[in-house]
Structure formats: structure tokens, C-alpha cells
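The data blocks that follow each hold one structure.
First subunit A sits with subunit B, and in the next complex the same chain sits with subunit C.
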Partner chain A sequence: MQLLDIRNLTVEMKTPHGIVRVLDKVNLQLGKGEIHSLVGESGSGKSLLAKAIVGFANPNWEVTADRLWWNGQDLLAMNTKQRRAVTGRDMAMIFQDPYSYLDPNSTIEQQIVEAIPEGDVRGTFMRRRVDRKTRVKRLLHRVGIRDHESVIDSYPFELSQGVAQKVSIAIAIAHRPRLLIADEPTTAMEPSTKLQIHRLLARLAASQEMSVLLISQDLTSILPETKQLTLLYCGQLMETGPAEEVINHPAHPYTDSMLRMSLQTQQELPHKARLPTLPGAIPTLRHMPIGCRLGPRCPYAQKQCVKAPLATQKQQRVFHCHFPLLELES
Partner chain B sequence: MIRYLSSRLFVFIIAFFLLTVFTFSLNFFFPGDPVTNMTGVRTFSDYYPVISEIRGADKNIAFQYINYMQNLLSGNWGASLSSGDYVFEHTYQHLFASLELIVGALVLAVLIGVPSGIFAATQFRGPIDKGVISLAMAGYSIPVFWLAQLLILFFAVKLDWLPITGQINPLYGIAPQSGSILIDIVISDSDYKAAALQDALNHLILPVIILSIMPMMLLLRLMRNATQDMLQKPYVKAARARGLNEFQVLIKHAVPNATQSVLQQVPLIFSLLLSNSIVIESIFNWPGIGNWLVRAIFERDFPVIQACVLIIALTILLFNLVVDLYRGWRFPIVRQE
Partner chain C sequence: MSHLLEVKNLGKTYRPRKAWPWSQKSVAIEPISFHIDAGETLAVMGETGSGKSTLAKIIAGVDNPSSGELWLNGQKLHNQHYQQRCNNIRMIFQDSENSLNTHLTLRKQLEEPLKFNTDLTAQERNEKVDIALRRVGMLTEHGEFYPHMLSSGQKQRVCIARAIILEPQIVVADEALVGLDPSVRAQIINLMLDLQQDMGISYILVTHSPQIVKHIADKILILYRGKMIVFDKTDIVLSDDQQPYVHQLLHDHLNKQIKFKSDKAKKIAD
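On to the complex of A and B.
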């Protein structure tokens, strides 16, 4: 059974200009200990999907789904309290900007201690204090911070961005979650820190049987250990499937364009050559195209594309396109 | 911390210097002859040349300032023209009498204003929040002198629960020593200490409550806005997602951070309290610094005016310094600014 099973998740947002569908029937399955990468440009609704999963509810949003199951339990059928208990126990999330997700006026120790479940420490008052401290140190070591002495009493603003992100990972894994959602955790970080954090996430997934949902803007910053890959565009699911197959044989024009963009960053472009981007710009919330939202920008688009394409399934891969680049055996 | 401490102290010293320059220059700004104004010795008196000589009135201005500072720091603040008492001893007595009111009002304002502000923030935009905020707005806008008289009329005259004016019934015969009536009663050798204390507290109730209303409402609004602000912060949402309940989120994250931003405004509230206390003391005939200042102005008692201005400003400066240091100690992020 899948750990996380999402079928036709739709999020509608109330704006002054009417209701906007920011996530349109998205499917996502996640197995135990699996690394799943969610790729999409800004405005594709990838962070929104993550927030819908952990229940960062905003009163303006209407979340509906045929299925939002966590470990066989229906998350949408729960009330806020039950849901917070489940997500607090099983899930954790890290974010793009670690500073704004750490309390500026608490020390690192206080914040990690707060994340350690009460049931983990037993004994007398003094025993518990000592126990908590050793746990904090162990957690810091596990996320690759060796000099815990200087970090443990620091405030977030005294740390570098990389260390702050590692601390937020330590906070996230303090209660041994089964799912870690990493929302662009390495954006605007230097390459070595980026690599460290990526390896840390991969190691955690492998050693703790923790599933990781990694959200990133482009295909260059996904983990090599990624098992499943999902591409979103403007709230619609473009393509999903095993990472290797998707990257080697893209079925959707959008995947193809993203891949070529990420390849171009590695190869040298001739002087004054055009960047191989899709024409046009990402539509604004008020002006979402009907049908396939990639339509106006897609080089393969035809008349049919004003109707949303149904899902095409080929072995483990699913894509939504009228004109896939992949040969379909009939 | 040492850098922060020294920078705060430096600011304090500069401010203190400017303050003394200002009070010193008052010597020359009061209409009339500076020596006559400050000592009461007329120009045609035989003593005038002697006094002039002692005060160095014919020397240059820098010398006079240094002379003034020496007197200031050695506690030689001159004598009141109307009563002939030494100003220094009376200044701190009056100051303590005022601080008794002000500290009481501040404590009351914090005890009521801060929790209700936090509570209003949790009910943001709800009917309770709106009610509390409108009440705060009304309380903040009511003129203090009018409200004071209204409450005197009701509680003191009509119901006869509380005394109308003064610090204590003079029949108890408590001699003023520190200025603060509660301390004076405790250190006095009166036979009726408990009864005197009771009477003094009865006298305190009305002025303290009236004085506290404005800062209380201000604190309430500040705290409500700051807490509401902090409740929107990503780290609070993250703490909620981590499974903390609303109360823990409030106590551990929202309130400390809100306190950090509200503390910045507290010195302003304190100076508001000091200036309001001038009005309240006049109404309740409280022997505080404000009452004394107002009387001194009517009597053209220049040494007293000078001392009052100095001590009121100095108290505000000191309070500012203490709050700043506390903020820097408790919230290290403040030191970065």
C-alpha cells in the first residue's frame, strides 16, 4: 500500500476576481522510504500541494479531493485537531528560507527540544533535562553539524544559511517522521552546502525509511536518488513516473522543454543564440487558459488542446497530453 | 553584548550631557537676572556682589557650566525661593511620591493590558476582539482630567468609598522621609502601621487606576497588533504543523516575539505616564514631582523648576536605558540592529 495516496486533489482559492483553481486534479503516490521529486516553475502550485498535504490551511482555500489518504487514513475526513495530531506525528516540512521558519528569539536548543516528543524522554526532572540535551546533540550530529557546542546556544540569526537549514532538518526529523517534505530547501545556497543537504536528505531516506517529497524549481537540483518524478505546470499535472525513464524518454512537451533548459545550463550556447525556452510567459492567476494550461506556450499544441487531456498511462508512467512525444503502442 | 552595552551607555551619556546643557541654559532663559532668579538676592542688595562672585556670574560660560555641573553632581541644587528648603532632598522625595503612582499604574497597565491584548489577538476580527479594541480606543481617547473628576464624584463623593485627595490622612502623623508613602509608613515608628497602610492604599486606588487607563489601552492595542502579526509568521505556522497546540504556540513563540517589538514602545508609555501624572497629581493634590513643578511655575520658583525638569527628563532617560539593556539581554537579535 502507498504511504501517501492523493487522487484528484483540487485547491480553489477565493480572490477578488472570482474563484481560481490553483491546483487542478493532481495525483500523487508516495511509497515508504521513497524519494519523490516534484518539479515545477514558480506558480505551478507545488508548494501549495505540500501545504495541502500537511494542512497549512488558509481559510481562503477550498481543498477537495477524491482521495487524500495517509497510511490508509482519510485526512480530509478528520477535524483540525485530529489532523494536526496525525501530521505532527508523521510528517515534517522544511522550507526555502530557513530563517523565517526558525523563531528568531529562541535558541537552537530550545527549538529542537520543543520538537522532541514528550514520550521520548522519561525519568526524573533532571534526568529528562540531561536526556533532552544529549538528544539535541545527537540530532545535530546526524544532520552533519559537528561543533554542536557553538550551535546549540546560538540564535538563528547567528548561523549561516546552510547551518540554519541543517538545524531546521534536525527539528524536522526530531520526532522521526515518516514523510519529510522539503520545499526548495537549497535555493540560493552555495553548491557545496547544496550538495551536503541533498546527500543528507538521501541518507535520511535510506537509513530511517523516511519518505522524502522534494520540491524544486528545475530538474538540475533534484536528487540523483530520486525514484519518482512529477512535473507540475500551473496547477496541472503534466507528467509523472519513475525518474530515470521520465528523464531519458520524456513524454510530455513540458518535460522535454524543462530537460533541454537544464541541459543548456551545462552546455555552452553559441553567441547570440536563442535560449531554448518555451514562448510566452507563465500566465497569471486571473488569466488561466482553459483546457491544457500549457496550451498557449506549447510548440505542439493544436485545436484539441482547449480541452483538458485525459491521463494516459503507460506502464508506471502517467502523462496528460494530447500529443505525447512518446510512441504509444496501440 | 559589551558592544551593545557600551553603545547604549554612550547614547545615555550624550543625552545626559545635552540635558544638563539645556537645564543650565534655563538659568539664562528665565526672564530677569540669572543670579537673582536662582538665589533670590536682589541686584541692589549688599550680598549681590558676593553671591555673584561665588556663582562665577562674571566668568565665561564654560566655567559657569563646569561650576553648575559640580554643584549638580555634589547634590548642591540650591534652595527653593518659596520655602527655603534645599531642593535636592525635596526633589527625590517628590520623585518617589510620583514614582509610587507611576509604578503602580504601569504594573496595573501591564497586568491587565498585556493579557487582554493577547486574548484579543487570538480572537482576531471576532466580536470579542472588536469589542475589546473599541473599548481600548474609547479608553485611550477619554481626557484624563475629566475622567478623574467623574470617578471622584462617583466613588469618593457619592458612594464615599474612597478618599478624595491626598496621600494619607494627616492624623496618622507619618513624617515624610523617602517620599513614597508606603515605604515611609513601614520605616516609621507609628503605633498604627497597619491602619495607616490601609489608609494609604485607599488613597492610592483612584489615582493609580485613572493614571493606568491610558497606558493600559495603549499596551492592549500594541500587544494585540504585535501578537496578531507574530501569529502570521512562518515559524508559528511551522510550530503548529509540528503538532503544538494553540496555547503552546502562543506562549512559546508568538508572545515572546510580540513582547520584543512592544518593549520598544514601553519607554514612550513611561513618558506618557509621567506627563499624565502631572495632571493627576494636581487633581489629587499628590505631593509628587508634577504637582511640585506646577506650583513652582506659579510661584516663579526657578531653582525648583530647573530641578524638576532635570529630574523628570533624567528619569525617562534612565528608564529608557534599563528597557534597552533588558531588551538586548533577553532578545539577542536586538543587538544586531
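On to the complex of A and C.
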């Protein structure tokens, strides 16, 4: 059974200019210990999807779904208290800029201790104290900080970006969650630091039976261990399927152009040659095109595209396009 | 004088907060020398804290060097002479969201460097702004817009327009391509390459993306803790893998390429 099962999740936002559908019927399935990458440009609603999963409440949003199941339980049917209990026990989230959400006023040890569940430490007062300290050290070792002595008593500003992100991962995994949502954890990081964080996430997923939902901006900066890949554009699901297949044989024009735009795949491009890009810019919330929202920028768009395409399924892959690049055997 | 910009023994040290005679100065950049020619792109690479942003700031005139000189076309650049610096060297910053003034229309923002550095009349300034906006692929009507009405890619375009409006010879870009969406980043790279071709601008590009360096840089300068360890042509640096640090910074990431074979896909029209 899937750990997380989302069917037709729709999020509508109330704005002064009327209701805007920021997520339009998104499906997502996540198995145990799986790494799932969610890729989309800014404004694609990928962070919003993560917020909908953890139940980040905002009175302006309306979240509806045919199914939002976590481990067989319907999250939407729960009341706030129950939902918080489930989210707090099973899920954790890390964000883009570690400095901005680590507490600048307390040391790393205090912050990690706070995240260790009370039930984990037992015994007398002194025993609990020692126990907590060893747990903090163990957590830091687990996220790849060998030199725990210098980190444990420092404040966030004294740490480098990579170490700070590792500390935030340590805080996130302190209560042994079953799902870790990483919202662009490596954007604007140096390549070598990026690699370290990626390796760490992959290792944690493999050793702890923890699923990872990795949210990323760039299709080429996803983890090599990614099993499933989902592409969003302006709140619409473009393509989803096994990562290797999607990258090697993209079905949707958006996936294809995302790959072509990246310098990583264009190794044989001559020096200083112009890169292929999608024309135009990402539409704003107020001016979403009707039908397929990629329409105005899509090189293959035709008249039909003013109607939103239905899902096409081919084995494990699903894509929404009238003119897929993949030949369909009828 | 064959080189466009010559940097001679440029160094930067910071005085410690408590300046006792025995306290040591912290060295941001040890004296380095290099040069760029017209129409070339120099990529400055290094880890965080290696002094690459400091170097960019000194070249753009934001910061003063502790030692050394800058020569442009055989003419010495003076530290506090901002008009001379602005007319020749301009800078683009990392965060386009925060580097534009939210209270001014784009036309007023683009006019400001002209007001401070040239003797043009209002009419001529307006024409210049129009030309600059069109050159970066925007409409002249965008001049009446405020920054919040634009997307992040358009903001980055305005930043580039502001940098090129004085027709400088060198543009310093400090991490200007980080944090942009992939489609926008590709558009901005194309724009920068087009401008280089049309106007013969030299770029000094501070970046840590090996792919971008490989694609658009003519020369690479690698800093390690304030020391210059490599300064050479891109293909020479890329083909030589003797130095472990260069290897770690460049080769490891370039070799990790993604398999991508979409034979059935048609080519995307421009």
C-alpha cells in the first residue's frame, strides 16, 4: 500500500480578483522508503502541495481532494487536533535557507534537544540530561557531522551553510518521521555542498525506511536515487513516472524543454552557443491561461490546447498533453 | 597596452575590530595580477569565503583595495573616482528582487545612472532608456512599470539594462544566475551572450556553477582562501587535471552528466 496517496488535489486561493486555482487536480503517490522528486519552476505550486500535505492552514485557501490518504487514514476527514498529531508524529520538513529558520538566539544543542520527543528519554533528572546529550551527538553523527564538539555549542550564524542545513536535517529526523519533505534544500548552494546534502538524504532514505519528497526547481539537480518524478507547471501536473524513464524519454514537451534548457544535458553544445529556451515568462496568478497552462509557451501548441488535456497513462507513466512526444501504441 | 583591464598586485586586507599593534590583519585577497581583453568573459570561481565577491566589488569600485592598481586601456582607475568607474565598469547583483528600488518606475531607475554620469538632456536620456529596454528584450512601455509588476526574469533583465545603459566595457556579475528558474536562466544566458556579441562587453562572472563556466567563460580564475591558484584559458584549465582543488571544483561536477536521449522528440523551435 502507498504511504501517501493523493488524488485530484485542488487548492483554490481567494484573491481580490476572484478565486484562483493554484493547484489543479494533482495526483501523487509515495511508497515506503521511496525518494520522490517534485520539480517545477517558481509559481508552479510545488511548495503549496507540500503545505497541503502537512496541513498548513490558511483561511484563504480551500483544499479539496478526492483522496488525501496518509498510511490508510483520510487526512481531510480528521479534525485539527488529530491531524496535528499525525503530522507531528510522522512528517518533517526542511526548507531552503537554513539560517532563516534556525533560532539565532539558542545554541544548536538546545535546538536539537527541543526536537527530541519527551517519551524517548526516561529515568531520573540527571539520567535524562545525559541521555539527551548522547542523543544529540548521535543525531549529528547520523547527518554526517563528525566534529560534533564544535557544532554543539555554536550558534547558527557561526556555521557554514552546508553544516546549518545538516543541523536542520538532524532536527527534522529527531523524532524518526516516516516522511521528510525537503523544500529546495540545496538551491543557491555550492556544488560540493549540494552533493553532500544530496548524499545524506539518499542515505537516510535507504537506512531509515524514510520516504523523501524532494522539491526542486531544476530537473537536472534531482537526486540520482530518485525513483519517481513529478513535474508541475503553474499548478498543473505535466508528467509523472519513474525518474529514469521520464528523463530518458520525456513524453511532455515541458519535460523535454526543461532538459534541453539545462547546460548539463547540452554537453556537446559549442562554446557560447545560444541555449534553447521556452519563449515568454511564467504567467502570474491573475493571468493564468485557460486549458493547458503551458499553452502560450509551448512549441507544439495548437488549437486543441485551450482545453485542458486529460491524463494519458502508459504503463507507470502519466502525462497531460494533447501532443505527447512519446509514440503511443494503440 | 594591449589588455582591456589589467589588475596589478591587487590585495585586500581587513583590519580587525580591536586594532592593537600585535593583532593580525585578516587577509581577504593576497596580491594577485591578471588581465582581460575586450569581448572576453572571465569566470571567477572558488568556495565561499575565498574572496571572489570581494574581488568583484573591488573591480566594480564598490570597495577599495588595500594594495595594487587597476589599469583600464592603459589608464589608471582611481579608487574614489566613481564617474570614471561607472562609465567603464558596471555591476549586476545576485538578488534582482532586492537590487531595484520599489518606489521608482523603471524609467526613473534607468535614468539615474545617466543623470549622475552624463550631461545628456531629458529628451536624450529618455531615448537612451528606450534603447536599453529594447535591447534586453522588453517593451518601452515597461518604463512606466514598478518593479513589483514584473516577474523575476524581467527584473533581472532590468538589472542588466541598468548595467549596460552607460555602455560600459566591463560588466561584473556577482552570482547573477543563481536562484533563477531554469527557463529564465537560459534566457538570461542567451541575453548576456547576445549583448557581448553586439556591444563587445567583457564579463567578469563570479559563479560556482561549473556548467555555466564551461559554456560561456573564455578564461577561468580560481581563488582558494584569497590566493589565486589558477588563471588560464578555459579549455586549458578543463583539459589539465593536475590540481586536486581544480578537480574538485570543476571536473567532478562536469563529468557527472545526465544520460539524455530523446530521439523521438522534435527539436524545439526558437
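Definition applied: the second predicted complex is superposed on the first by the 319 of 330 C-alpha atoms of A that agree within 3 Å, B and C clash if a C-alpha of one lies under 4 Å from a C-alpha of the other, contacts with A are read in each partner's own complex, and residues count from 1 in each chain.
By definition in this document, a residue touches a chain if its C-beta (ideal position, glycine included) is under 8 Å from a C-beta of that chain, and two chains touch if they have at least 3 such contacts.
Note that the coordinates shown come from a computational prediction; the quantities given were computed from them, not determined experimentally.
**Q** Does subunit B (first) or subunit C (second) touch A:Leu201, or do both, or does neither?
**A** neither
**Q** Scan A:Ala85 for contacts with subunit B and subunit C and give back first, second, both or neither.
**A** first
**Q** Report the partner of subunit A that touches more of its residues: subunit B or subunit C.
**A** Comparing touch counts on subunit A for subunit B and subunit C gives C.
**Q** Could you tell me if A:Val163 is touching subunit B, subunit C, both of them or neither one (first, second, both, neither)?
**A** A:Val163: touches no partner chain.
**Q** Please indicate which partner A:Leu48 is in contact with in the superposed arrangement: first for subunit B, second for subunit C, both, or neither.
**A** A:Leu48 sits against neither subunit B nor subunit C.
**Q** Looking at subunit A, which of its residues have contacts with both subunit B and subunit C?
**A** none
**Q** List the residues on subunit C that touch subunit A in their complex, please.
**A** Subunit C residues touching subunit A: 47-48, 151-154, 178-179, 181-187, 189-190, 193-194, 208-212, 214-216, 234, 248-249, 252-253, 257-262, 264-270.
**Q** So in the complex, the part of subunit B that touches subunit A is made up of which residues?
**A** So the residues of subunit B touching subunit A come out as 233-235, 237-244, 252-253, 256-257, 260, 331-333, 336.
**Q** Can you name the residues of subunit A that touch subunit C in the complex?
**A** Listed in rising order, the residues of subunit A that touch subunit C are 41-42, 160-161, 187-188, 190-192, 195, 217-220, 247-250, 253, 256-267, 269, 271-272, 274-278, 281-282, 284, 299-300, 325-327.
**Q** Which subunit A residues qualify as touching subunit B in the complex?
**A** Going through subunit A, the ones touching subunit B are 54-56, 84-85, 87-89, 91-93, 95, 97, 100-106, 114-115, 155, 157-158, 171, 175.
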